[in-house]
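I am attaching a structure below and will ask some questions about it afterwards.
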Amino acid sequence: MRFVYFARVREAVGVDSEERDLPAEVHTVQGCIAWLESCDPRYAVAFAEPARLRFALDQQMVAADAALAGHDELAIFPPVTGG
Amino acid sequence: MRFVYFARVREAVGVDSEERDLPAEVHTVQGCIAWLESCDPRYAVAFAEPARLRFALDQQMVAADAALAGHDELAIFPPVTGG
Amino acid sequence: MKQVTITAEPISTARALEPLEHLGGGAIASFTGIARADSGVVALELEHYPGMTEKNLNALADEAMARWSLLGCVVIHRVGKIAVGEQVVVIATAAGHRAEALDACAFLIDRLKTDAAFWKKEHLSDGSALWVEAKGTDDTRAEKWRD
Amino acid sequence: MKQVTITAEPISTARALEPLEHLGGGAIASFTGIARADSGVVALELEHYPGMTEKNLNALADEAMARWSLLGCVVIHRVGKIAVGEQVVVIATAAGHRAEALDACAFLIDRLKTDAAFWKKEHLSDGSALWVEAKGTDDTRAEKWRD
């Protein structure tokens, strides 16, 4: 899975994007979040406020319980603030 | 009283404006309309549809029953269509 | 900053926006009315009531400035003969935030249609000309701003 | 006619309006968002999600074109560092009549604020910088267009 991060989340994680092999038991966006948090404390900081996280699978907004199957890219970012 | 006309009313009356001495018994906008209609048939044509006439006394919109006292200029015109 | 102009010369949205762009506001809205080539129309002719029309537009601009705390407000209306495709009216508003700029701009064009002393004639390709009738839908839109 | 642009170069309402001015419509509306000098802010920095942001803006433009039968729709958003006073976003719409152009323009900026993948950072005069928080009022305004 390719992970991409934006804004506050990108700064906390420390990279724009990264490629990671997921463990077999990770099937959802929420599962990815929990697994990344277990990998390194900086993810726990980046994902500290779940209510302020948004997700996109292959550039489509999805909810935290969305299934990863068939997707290549998971984007994790705060609520948008353009305009 | 100075009368000014615009748009369809101006074309029907045949002049942009005119100065007229009012008979003593004319006190309101509606009175002016009736009196002008009695002066010449072209006013009857110009004022044929009362629902489609609007009035301004000294550049302030007024209703047909407005009193003329203290005013110098009566404008008679159709509903506005700018923009 | 308020600017109200009635002119027989061509007008331009781009020029109308210029004085609003550096007032410190975060939002500018504009509306431009253009002479449309409706069924055989080749030109419009706009008549106004010199003196009164300026008062009408200034009163509307003052009301918008106060009601939405605008930083700036521009109302430009062309009169005389206007070829199809040319601009008839430009409204532009500047405010701190978007809601104020957008609402004030809509208010100004809706109320200009019913409250300002302009009359519009359509010149047709066959050489005839006819006065445009006032529309009931204009009254309805203008009415919603009265509260 | 639809134009969606994301660019790191300065943008201009006047240039955005040009392609809409000769489509035969009677109405053009525009909204311009400008970087405001809020309490110590000297510049904004706009980040986006290349690919997804373009899709977001195209989807909004398509929805506006269909819902209001627009003749034209322009959405231009700047990214990167933007000095106070410079334009961040320009929306412009062209339609037959004013209601369609005005409503579509308000819809596009309201929904862009909540639906398009942009993130805004404020650079302050003391050298610090902070990410702008999403506003609940933006959700409220965007919500009123869903039906």
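The letters A, B, C and D name the chains in turn, as written, and every chain counts its residues from 1.
Criterion: contacts are C-beta pairs under 8 Å (C-beta built on N, C-alpha and C of every residue); 3 or more make two chains touch, one makes a residue touch a chain.
The shown structure was predicted, so the numbers you read here are calculated from the model rather than taken from an experiment.
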What shortest step count links chain A and chain C in the network of chain contacts?
2
Please give the groups of chains connected via touching, computed with chain C left out.
A, D | B
Averaged-CA centre spacing for the pair chain B and chain A, given as whole angstrom:
73
Could you put a whole-Å number on the gap between the CA centroids of chain B and chain C?
26
The distance between the C-alpha centres of chain C and chain D, rounded to whole Å, is 23
Identify all positions of chain D at which a residue touches two or more other chains, and write them in rising order.
33, 98, 109
Residues touching two or more other chains, restricted to chain A: which are they?
83
Pairs of chains in contact (touch as defined earlier), listed by label
A-D, B-C, C-D
Where on chain D is chain A touching in the complex?
33, 46-49, 51-52, 55, 77, 88-89, 109, 112-121, 131-134
In the complex, go through chain A and note every residue touching chain D.
4, 6-8, 10, 56, 59, 75, 77-83
Seen from chain D, its contact residues with chain C in the complex are 13-14, 17, 21-22, 24-37, 85, 96, 98-99, 101-102, 105-106, 109-110, 141
